[in-house]
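Two complexes follow with subunit A in common, the first pairing it with subunit B and the second with subunit C.
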Partner chain A sequence: MEKLEKYGKRAFFALLLALAIALPWIGLKLYQLRVLTLALAWAIAAVSLNLILGYTGQASLAHGAFLGIGAYTFGIFTERVGLNFWPSLLIAGLVTAFLGLLVGLPSLRTKGPYFAIVTLCFNVIVFKVFENWTWLSGGIQGQKVPCPSFLTQRWARYYFVLGALLLVLVVVRFIVKSLLGITFMSIRSNENLAEATGINSFRYKLLSFTVSCFIVGLAGALLAVENQHLDFTVTNYAYSFNLLVYVLIGGAATLSGPVLGAVGLYYFLDYVEKSLGEYRFVLFGFILIVAIIYFPRGMVGGLSRLWDWAKGRHASYRAREVTP
Partner chain B sequence: MTILRVEGLTKRFGGLVAVNKVDFEVSEGSILGIIGPNGAGKSTIFNLVSGIIPPDEGRVVFQGKEVTGWKPYRMAREGIARTFQTTALFEELPVYVNLLIGYRMRTRSGLWDVVLQTPRARREKKEAAEKVMEVLAFTGLAEYAFRPAGSIPQEAQKRLAIGIALMGNPRLVLLDEPTGGVGMEETNGIIELIARIRERGITVCVIEHKMRMIMSLANRIVALNFGVKIADGVPQEVCEDRAVIEAYLGEQHA
Partner chain C sequence: MSFFLNQVVIGIQLGSQYVMVALGLTLIFGILDISHFAHGHLYMLGAYLLYILTALAKVNYWLALPLCMIALALGGVIVERLVYRPLRDQPHINTFIAAIGLFLFLETLVRAVKPRAVSVSKPIDKTLSFAGFTIEVQRLIVIAGAVALVVLLHLFIKRTRMGTAIEAVAQDREGAALVGINVNRISMLTFAIATALAAAAAVLMAPLAFISPEMGSVLILKAFVIVVLGGLGSMQGAIVGGYLLGILEALAIAYVSSAYKDVFAFAVLILILAIRPTGLFKGRD
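Showing the complex of A and B:
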C-alpha cells in the first residue's frame, strides 16, 4: 500500500512535469506562456518562503522586499554596471541573502511573533525607500532590464524558469530530508525543547532565513528578466502577503504545496490586484483565516485527505506530509 | 566522583524566593531523588541546572567545569539532558524523528554537506538511524516509531521524552516527574527504565512525588520546602526526618 502510494505520487508529479514541458507546444497563446512564466517565478519565491515559514516556523513578512531587492540588484548589475547575466544572478542572490542575515541577526534572537512584526516593518521601509530614492529605483518609470541572448525567446525564458524551479525544489528537498531539515522542523515544533536538546535555535533560524532570502533574491532576478523592466512597486509589502497566501493555501511544510499555490492562484491574485487595489487586503485576510481554520494543511493536505478517503482509510495524513 | 555540584543556588521571582541557597552533590553513576511539596522549587532547580533560566546567585559545576548561566543548548552539548514536567515532545513529528532531533547535536553536517550530499552527511544520517534503532529498543517504543508523537499513549510519551534525552549520549539526565499522571502498572515500567539508565553508567536526577517509588530507586535523596533544602541523605534517613514528615503533613493538611 505504501509502495503503491509512493508510485502513485511519483506518477502524478511526472505527469505534471511532462505537461509543464509540453505546454509551449500545445497551442498556448504567447501571453499565456508569459503568465505561466511569471507564476513559476513566484512559485520559486513561495518555495523559499516555505523554508522559513513552513519548515522553520518563522513568519517572514519581508519576502516581498527581498524579492524586490533581488530584482533590483540584478537589474542594477546588468543594466548599469554592465555585468553578464550569470554573475549578476549570483550577486542578486548573495546581496539578498546578506541583507536577510542583517535583518535576521536582531529579529530572530527572540521567540514568537516579534519576527513577523520586524520583517513587516522592514518591508514597509524598503518600499518607501525605493519609492523615494529615484536614483536607486528609477521611480515610476523604473529601469530597463536587459535579457541575455539565450533568453530572448519566450519559450526559452519559460523553460529557464521551470528549470530553476526544479533545481530549487531539489535543493529544498535535500534540506528537508536531512538532519538539517529536521533541525529546522524541531524549532517550528517546539523551540524550547529543541534548545534543551542541544540545538542552537537562533543559529539555525538564521541559516534557514538566509538561505530562504538567497532563493527569493534569485526569484526576483528571474521576474526582472521576464518583465525586462523594473519599478519600485516590485518591493511592495503586498507581495509578502501574496506569498503567504500561496504557501498557506497551497500547503505549508510540503514540497509541492507552494508551487501548486503559486501556479494555481497567481492569475487570480494578479486579477484581484488590478480590480480591487488596496481593498484586496480585506479579501486576503478572509482567505487566510478560512484557510487556517478549515484547511490547515492547504491544498496538498486536502489532496492527501482525499487520497486517504478514496482508499477508505483515515490514517494519519499529518505525519506523512510534514516529515522526511 | 562528583559529576554535578550545586553551591548556594538562588532564584527569585519578584518577591518569591523559589530556590534559596541550595547546595547538593550528585555522584557519578548514581540516582539522586529530589522530593518536596508542590511549589517547593524542584522544577526551578532543574531549570537552573539545565540553563533554561539563569540563577541569581550560586554556582553550577558539572564534571569539574563551571557552567553557571550557560544557555540550554550548551548545557545539553556538555552532557546534561532533561525532560520537562509537562511532557514536551515534537508532537506533530513521528516518534523516530523526535529521536533523530535528539541526536542532531552530535552531528556536524551543515548546509553544504546537505546541498552537495557529501559522504559526511550520509554517514551521519546512518549513524543517527542506528542510534534511533538502539533507543527505540531501549525505551520499548519500536511499535510507535512512525506515529506522530502527540498521538501515542501518555505513558509512551513519557518514555519518548526520556528517549530524546538519551539520544545525545548524556552523562547526566534530569527527569522531572517521569511518572506523573501515569497509572500504577506503567509506573513500574518507567522505574525499570530509569534503573536501566543507571546501569548504563548514566547519572540520573529524578523529581518524584510517589515516595515508595523514589525510596526503592534513589541512592540519595534531597528534600526541599519553600525553596530551602531541608534534608539530604540516604532514602531511609530522609524518610524519617522530622522536617520532611512535617513538610508532607503540612501539605496534606493544607
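Showing the complex of A and C:
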C-alpha cells in the first residue's frame, strides 16, 4: 500500500509535468501562455516564501519588496550597466540575498506576528523609496528590461521559467530532506526546544531567510524578463500578501503546495477578470480566512486528507489530530 | 518658534488618532492575545460609514458620531465571533493570517464598491488664530475628543465591574474563568470597545483628510509600531507612544521631507527592535 501510494504520487506529478511541457503545443493561445509564464514565476517566489514560512515557521511579509529588488537589480544591471543575462541573473539573486541578510539580522530577533509586522514595515519603506527616488526606479516611465536573444520567443520564456521552477524545487527538496531542513522544521515546531538541543536558532533562521531571498530575487528577475518593463509598483507590499495567500492556500510546508496555489490562483484570477472585475480580489481575503479556519494545511493538506479518508483511514486521522 | 509650536500642536492632533487606534489594538492584544491586523480597516469602514451618513443621507455630523461608533462596535463583535473565535486555540500565527485575510477582504471590497477617494465636510469650518498660532477648529476637536474618550475608557476599566472583569481576563484568562467571568462575553465587549474607539477616531479625523480604501493599512502599521514599542497590552504605553509618534511625524514632515513621512515610524521600529527585540518597555509577553 505504501509503495502504491509513493508510485501513485510520482505518476501524478509526472503527468502534471508532461502536461506543463505539452501545453504550448496543444492549442494554447499566446496570451494564455504569457499568463502561465507569469504564474510560474510567481510560483518560484511562492516556493521561496515557503522555505522561510512553511518550513522555518517565520511569516515574512517582505517578499514583495525582495521580489521587486531582484527585478530592479536585474533590470539595472542588464539595461544600464550593460551586463549579460547570466551574470545579471546571478547578481540579482546575490544582491537580494545580501539585503535579506541585512534585514534578517534585526528582524529575526523578533518572533511570531512581530516578525511579520517588522518585515511588512521594511516592505513599506522599500515601496516608498522606490516610489519617490526616481533615479533608482525610473519614476513613472519605469525601467526597460532587455530580453536576451534566446528568450525572445514566448514559448522559450515559458520553458525557461518552467525549467527554473523545477531546478528551484529540486534544490528546495534537497534542503528540506537534509539535516538542514530538519533543523529548520525543529525551529518551526518549537524554537525553545531546538535551542535546548544545541541549535543556534537565530543563525539557522537567518540562513533560511537569506536563501529564500536569493530565490525570490531570481523570481523577480524572471518576472522582469517576461514583462520586459518594470515600475516601482513591483515592490508593492500587496505582493507580499499575495505570496502568503498562494503558499497558505496551496499548502505550507509541502513542495507542491505553493506551486499549485500560485499557478492555480494566478490563473483563476486572470480567468475571472472579465466576469468579476475588481471583485475578484475580494475572494483572496475570503478564501484566506476560510482556509485558515477550516483547511489550515491548504489544498495539498485537504487532498491528502481526502486520500486518507478514501482509504478508510479517517478514524486514525482523527485520532492523530486529537493527540499531537 | 511659533512655527515649531504649531507643528507640535498638529503632531498632538495626529497623535490623538494614533492613541485612539493603538489603545484598541493594545486592549485586544492584552486581553485576547490577538494581533488584530484588520483594526485599521474597521477604522476605514467607520470613515466610509460617516461619508454615507453625512454626505449621502444628510445626517448631522454630531449625530453621525455615535451612530458610527455603535455600528462599528457591532462590526467588531461580528469579526470576533466569525473570524477570531474559531481560531482561539490555534497558534498565534494562524490568527494573524486570518487577520490578514480580513484586511485584504475589507480593503478590496471597499475598493471594488467605491474606487474613488471621497471627503467629508467639516462640522465647524473655521480657523482660529491667536499669538502667532493658526489652527483649524477641527484639529482642536480631534485633540479634545481623544482626551475625553481616553478618560472615559480609563474610568470604565478602573471604576466599573465590567471594566474590572476586562482587566482580570487580561491578567489571567483561566483564573478569570474560574471565578465565574464569562470570557466569551468579555472578548466581545473588548472588540466592541476597541472598534468603537477606532470609529470615533475615524469620524473625528475624516474631515481633515481624504477617505480612501488604503487609509487603514498604513495607520494599522503605525499603531502596531506604537503597541510594540509601548509594551504589549500596556495602555499607558499606547498613550505615550501615540502622542510621541504623532509629534515626531509632524516635525519630520515640517523639517525633513513629506514624501518619506511614513518611512520614519517604520525605520525607528526596525532600529529599536534591532537593539531591543522585545520593545522599549517590558509589557506582558
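Methods note: the second predicted complex is superposed on the first by the 295 of 324 C-alpha atoms of A that agree within 3 Å, B and C clash if a C-alpha of one lies under 4 Å from a C-alpha of the other, contacts with A are read in each partner's own complex, and residues count from 1 in each chain.
Just so we're on the same page, a residue touches a chain if its C-beta (ideal position, glycine included) is under 8 Å from a C-beta of that chain, and two chains touch if they have at least 3 such contacts.
What you see is a predicted model, and the numbers here were worked out from it, not measured in a lab.
In the superposed model, A:Ala194 lies in contact with subunit B only, and not with subunit C.
Judged by the touch definition given at the top, the superposed model places A:Pro113 against subunit C, while subunit B stays out of reach. Using the contact criterion defined above for the overlaid structures, shared-chain residue A:Ile125 touches subunit C, although it does not reach subunit B.
Look at A:Leu244: by the touch rule set out above, it reaches subunit C but stays clear of subunit B.
Counting the residues of subunit A touched by each of subunit B and subunit C gives the higher count for C. Touch criterion not met for A:Val35: it reaches neither subunit B nor subunit C. Of the two partner chains, subunit C is the only one that A:Tyr279 touches; subunit B does not reach it. Legend: residue contacts after superposition of the two complexes on their common chain; A:Leu101 is shown touching neither subunit B nor subunit C. Against subunit A, in their complex, subunit B makes its touches with residues 50, 52, 71-73, 76-77, 81-82, 84, 88-94, 97, 100-107, 109-111, 113-115, 117, 121, 124-125, 128, 146-148, 151, 164-165, 167-168. Considering their complex, residues 57, 59, 105-107, 109-110, 112-114, 116-118, 120-122, 124-125, 128-129, 132, 241, 244-245, 248, 277-279, 281-282, 284-289, 292-293, 296 of subunit A touch subunit C.
Contact residues on subunit C toward subunit A in their complex (touch as defined above): 35, 37, 83, 86-87, 90, 92-94, 96-98, 100-109, 111-112, 115, 218, 221, 224-225, 228, 259-260, 262-263, 266-267, 269-271, 273-274, 277. Looking at the complex, you find that subunit A touches subunit B at residues 171, 174-175, 178-183, 185-186, 189-190, 192-201, 207, 211, 316, 318-319, 322-324.
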